[in-house]
């Protein structure tokens, strides 16, 4: 493997489609998504459940289940992960270059071992640290970085609260010293009260360790706090992309508008409309025209802004 | 007149204590853990009373106690001046029919093998309505929660979570209850659906004019719906007041943090709660040395404003 | 694949360890003495080895371990001396037996008059006191007395053929009275004596003693070098170690025999014998008194009708029976006393004649009635089952439905005896396999006595017959010939009433490996399945 | 923590008491005449008296609950009675054969369990592949074969080849071996004689093969199934995403949760085999509990049946309790 | 997250139809069922199949497999093919009876234990733990001694032990379900407990238990056969053309007339395999992770 020369691009997604095989059909959950992530920057993927954002995140983290179908191209830190409808390099990036903060912290920790054992596994396997004292030191460093005390190490996962679990998983994700961290809905299973805490923790750590950060969330207000760039997805399609500031100030796609409104617990959007082929958002869009029966292309507005809506034309 | 009607509470909860006994061993003594410690509040007219607390604060237990799923060790729960803890089973059942209950997880709240129509019709059936009457009433009910009519023949797993929650709400309001108990009605949903449900609940309240108790960990959701609210922690009410007052001028340090958390500001996580001290003692930045070790009394500060903090004694 | 490499390494290490342990052990290897071994595959579990109480399969062990005063061979009608060298009837109620002088028991104590007295009185007492064992054969005995140091006298209450009784295959064994000391027993019937014996010890005077006793799987007998008879037998090739293996499965008997794990097999499937013989295995046929007796329930409709019973008996395909059920290893039954046994009457047979059977059925008024009857057979006895199946198809031709039920032996016994309590519960037909305790015809005719409520499965009661039998029995000790005459008469009565018939008498087959020779003296028809191993040669 | 063990053990003890009660009802309260059997089926002049005596001993004239209580106390005090069929104290009859059965079963399971685990893991890792398909068909077929049929085929093979090590030991050796533990494989090492050890081993392998087939393949099938499920558990996916190697994920993450169930399956079938192995024992001329039971059945030996029943169930209670305790040890979440 | 209790069951069956092994299993069992149903007209010697030794049979005696007697004839000359085919009725019926009996008993008791609290729960769950401990072969053995051996006794003793497995599943499931909100709401609405147990809990418990019983069915078939072999060969009439008994009967002649037990044993294995194939497919298809195509992925 020849590592590509050090470029500024950390993740490059080109026309990527991901789907799951079923009996004799494939349900595509991500369709023709392209995006780029620069080194050290942070990106939010926002969308409601079923928008394919988690699958996209998993692909970038290199954990595609065996029944997945792919097309397009995915390059992570110079390693080609997906090429020519095949997953080729997932095991080269997973845990080495990318790690993932899971959505469900309570079930994502090995219930059979104590926390320190989980750290040792990662450190030994991925970082190759064998020395017991070094292991202990490194574990302590990690655990204190997320603000936990030493006594957590001798506990089992089920003895921890949700917030503590999430912090342990964050520390675990940092253990391999990745250059990219994918956080998949890091706050969705936490009390509202803790959301801010975890969001800030992730943000601070990624800044401090100079990692690229990909946050997958349905809550646009989190994106506001944590990210610089933002991608809005709906039913597997990328509908809008841009700097977070710009998007929030002036949302171009009606779905983005709905997302922003819903963060303030306001409701916009249509009730129910029959689905037709064409724009994916047709069923809920308040501003439809006949044009919407045709699938809109991704309109580029400047270098950093893209939107998939006829309204912009 | 209006004042009087408002003043007469529909639901009055008085000094409720709920305990769980946790047996740690056959031979060792049973440990008692209090889920609720002397909680009192009342709800009148078509008021929405919100209760905010982190997980483990006892907020769900409170609703369960009102519904009779758990029995309090002392205290009284009066509905229209009848103490439901003291009446016989039949009367109690009749009173309970005046209440609707919406729970956190719509999946657990409906029988997965019932059709939506049957689910919604169940309270009507319990009220002794004939099949004919029920079929007549169903469409209005379904429409009132913004669902298409053809869902009545679907099974729960064919609906999305948001739709299912609407079904649960439809069931709760089927018998036109005096009181609606909402136990985290939105916490399992993503932000868009969440906003839809919140809007729906608001509409329904205006339409039917029932009183309701809303329980949530998310101050944002509660503040949108509730007229008054109480902050609950470790089974103790820490603060109570109108939503406007509490949000504008939070008195208790914990409330302040909660208000901050709406804006995703960085807050401290609450790890340890000693049941013998003020629940926020370990994390309070205003700690008033010795006194704070004891549990402060609930201090009344003017009309409908209470706080449990030594700061105001 | 680091995972596999490590696994491989561990496995390799384990193998190395095991091998090195084995090698180390092989240094301590010593060759045991070469001994002559005979493995005798017996079919059933051993039910006990108390010589005074055992009344069933234990004889297979006891026969080589203990000796009676006399042996009797009914085929030749001759007595041979065992522990008694000579004997005489002094008068009708007093017998004297002179004991052999050079006999020692397995613990080294010599045979004395006291030992004979002790053993026989204990046998009698066990029956009288606790109802256990075959002690009833001594019911005529009043006392055993010392005549002199080497002669023992038997005082009787009434005349009885004591020579026959003393040579009975059950209940006539002599053993050392030292057992009282060993077992710390207080009296003859003390339970501790039984448990002393049953825990696998022997105190007899026979050529072998019990070394290991597991009634379910195997018994090991060791050669008793001090046995008095070795010189007389003159068999230097007698086995040093006899293993009586319980091999209940006939197939395993064949397989074991062919492979060498078994030397003598007694339950080879009949269909298999010919091919084994052609391979060089030796076949020994032994005449027995082991009979299968069909009993007909006379207390339940419709078998309570004599004509109906006769119809059934004429429907039995008699000529086919031996061939189909026994593959020729049997003798057709006649009456109920087996061929070659005192009191045997030839020609008491029915014929397979469906026409006659229909006739009887009409007489019984049951023609075309579609009567349903049932037969109970013992599970695992293929002969009985095949018989039942044949009968079933024949009866079907007469329009009678036969239901076959097969149960374990104990259950069969309960069903049989039920005829007295509740005849409706007892089956219409039932097969009893029967062999004698000591050679008297009474033993067979006992099956149809009124007072034999345990074994008379016909429920047949005829006072006249009973009186006849009582008379014959009392004459046994006085005029044996007259007694036999009466027994024959009784048998004819039973035949005419069609209550019980002997289906066949078994010819027992033993198959041995070529290197084992069973001499003539090793088998005695009154000793079921017993091989006297002093007469077995191992080459 | 400690109290969990106490409680589980107490449950085990209560189950044993319950078992005894059931067995009593099953065997003694049924029709038939236990007193007659208990007295040794006496005949003759004193028989009625002896039966009366036995009735008093058994307390058959008492109400049922007292009978049960008496039975349990008698049983727990070790008064198991004397076998009707074999006249020996029941403890002697049962435990002698018990050792032989345990030797056979232990030997089979010692190989079957790890092999089954390995095979199952192998199949799970290659699920969907051709090797997996082949092994899946093979294992499905093997567990479809009833044990008696397999034994039967083996007999046929033996018959045709004419070589067969039957019994537990060559009779020559059986008089030389020192009985210390009752397990011949061990005793021969204590004796110490290599040839005896090899003889015992050679005779043990064929029946052990028949016995081992079922646990081996059922464990393999279970492991394949449960492991394949487990690969999608959140914590396994998390471990994968952290780049932990397959070896560690298998050993510490996926297999960890499978093992208690495997122990349970193995334990259950181990005890059920007490009876089922009877066929194998009969065919291979070995002693064994199952064989004792069959012999007892043929002779309506109530006390013996009760004892075998009890010993088997007791083993099952012990195995079950042990499994639960192991599970607790392996899985810190378990709470009862 | 609460587990979804319904994963569309009918779609599981639909999915199974796409599997080769499921089809093979169904094919095996259908043909066996057909054989069982039609055997009286299908077989050449139905009388012999039921156990009667006809004159013909006596004439021909034991014969090895040939064109005329495909599976040979047994020791008294009966056609083995007829016996095996007619025997399928007994074996399959017995298995079905055991499954249905233990299902009904297990589900009812399990739900009662899981839903009713207090003494009922304690008593029934203790009974479940207890009955699981009884080895079926032993119970069959003991009952055979007491009640006399028969196919009914074998079936009864299997039900007596097997119900506990289903009851345990039903118990644990209904204990989970009773904590769910829809049960609580129904209770609060004032429905009777018996109504809730049957309307709400039963439909949610039964499919899982039934599914388990399908997966189990091969074990039950084999257990039935084993017990029939063990208890039957010492204690049942050899007339009965049940497979286990036939194998046991033929076993005595295995060295000479090997076909007598080989063929019924063979059918036993085929039937068990059929059940296993179906059970496996169902359990794989009903698990969302297993039904997907799989290759090594980490």
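By written order: A, B, C, D and E. Residues from 1 in each chain.
Simple rule for what comes next: contacts are C-beta pairs under 8 Å (C-beta built on N, C-alpha and C of every residue); 3 or more make two chains touch, one makes a residue touch a chain.
These numbers come from a predicted model, not from an experiment.
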Problem - Mutual neighbours - chains that touch chain B and chain D alike - result: A, E
Problem - Interchain contact steps from chain A to chain C (minimum; 1 if touching) - result: 2
Handout entry: Chain whose Cα centroid lies at the greatest distance from that of chain A
Key = C
Problem - Inter-centroid spacing, chain E versus chain D (mean Cα positions, whole Å) - result: 23
Problem - For chain C paired with chain D, centre-to-centre distance based on mean C-alpha positions, whole Å - result: 35
Fill in the blank from the handout: Chain centres from averaged Cα atoms put chain A and chain D apart, in whole Å, by 53
Problem - Distance from chain C to chain B - Cα centre to Cα centre, in angstrom - result: 86
Exercise for the section: Enumerate the residues of chain A that touch no fewer than two other chains. Expected result: 63, 65, 104
Exercise for the section: Mind pulling the residue numbers of chain E that touch at least two other chains? Expected result: 1, 145, 234-235, 251, 254-255, 293-298
Fill in the blank from the handout: In chain D, the residues touching two or more other chains are 32, 155, 159, 232, 240, 245-246, 297-298, 300
Fill in the blank from the handout: Contacts from chain E onto chain B in the complex sit at residues 1-2, 4-8, 180-182, 184-186, 188-191, 200, 203-204
Handout entry: Residues on chain A engaged by chain B in the complex (per definition of touch)
Key = 48-49, 147, 161-164, 188, 191-197, 199-200, 218-222, 224-225, 258-259, 261-267, 271-272
Practice task
Can you check the complex and tell me which residues of chain C touch chain D?
Solution key: 2-3, 22, 25-26, 28-30, 32, 35, 37, 39, 45-50, 53, 127-132, 135-136, 194-195, 198-199, 211-212, 214-218, 220, 222, 241, 243, 245, 247-249, 251-252, 254-256, 258-259, 261-262, 379-380, 408-411, 414, 454
Problem - In the complex with chain E, residue positions of chain C that touch it - result: 249-251, 254-255, 269, 271-272, 275, 320, 324, 379-380, 382, 385-386, 389-390, 392-393, 396, 404-408, 411
Handout entry: In the complex with chain E, residue positions of chain B that touch it
Key = 64, 67-69, 93-94, 96-97, 99, 101, 103, 105, 107-113, 119, 122-123, 126, 155-157, 171, 188
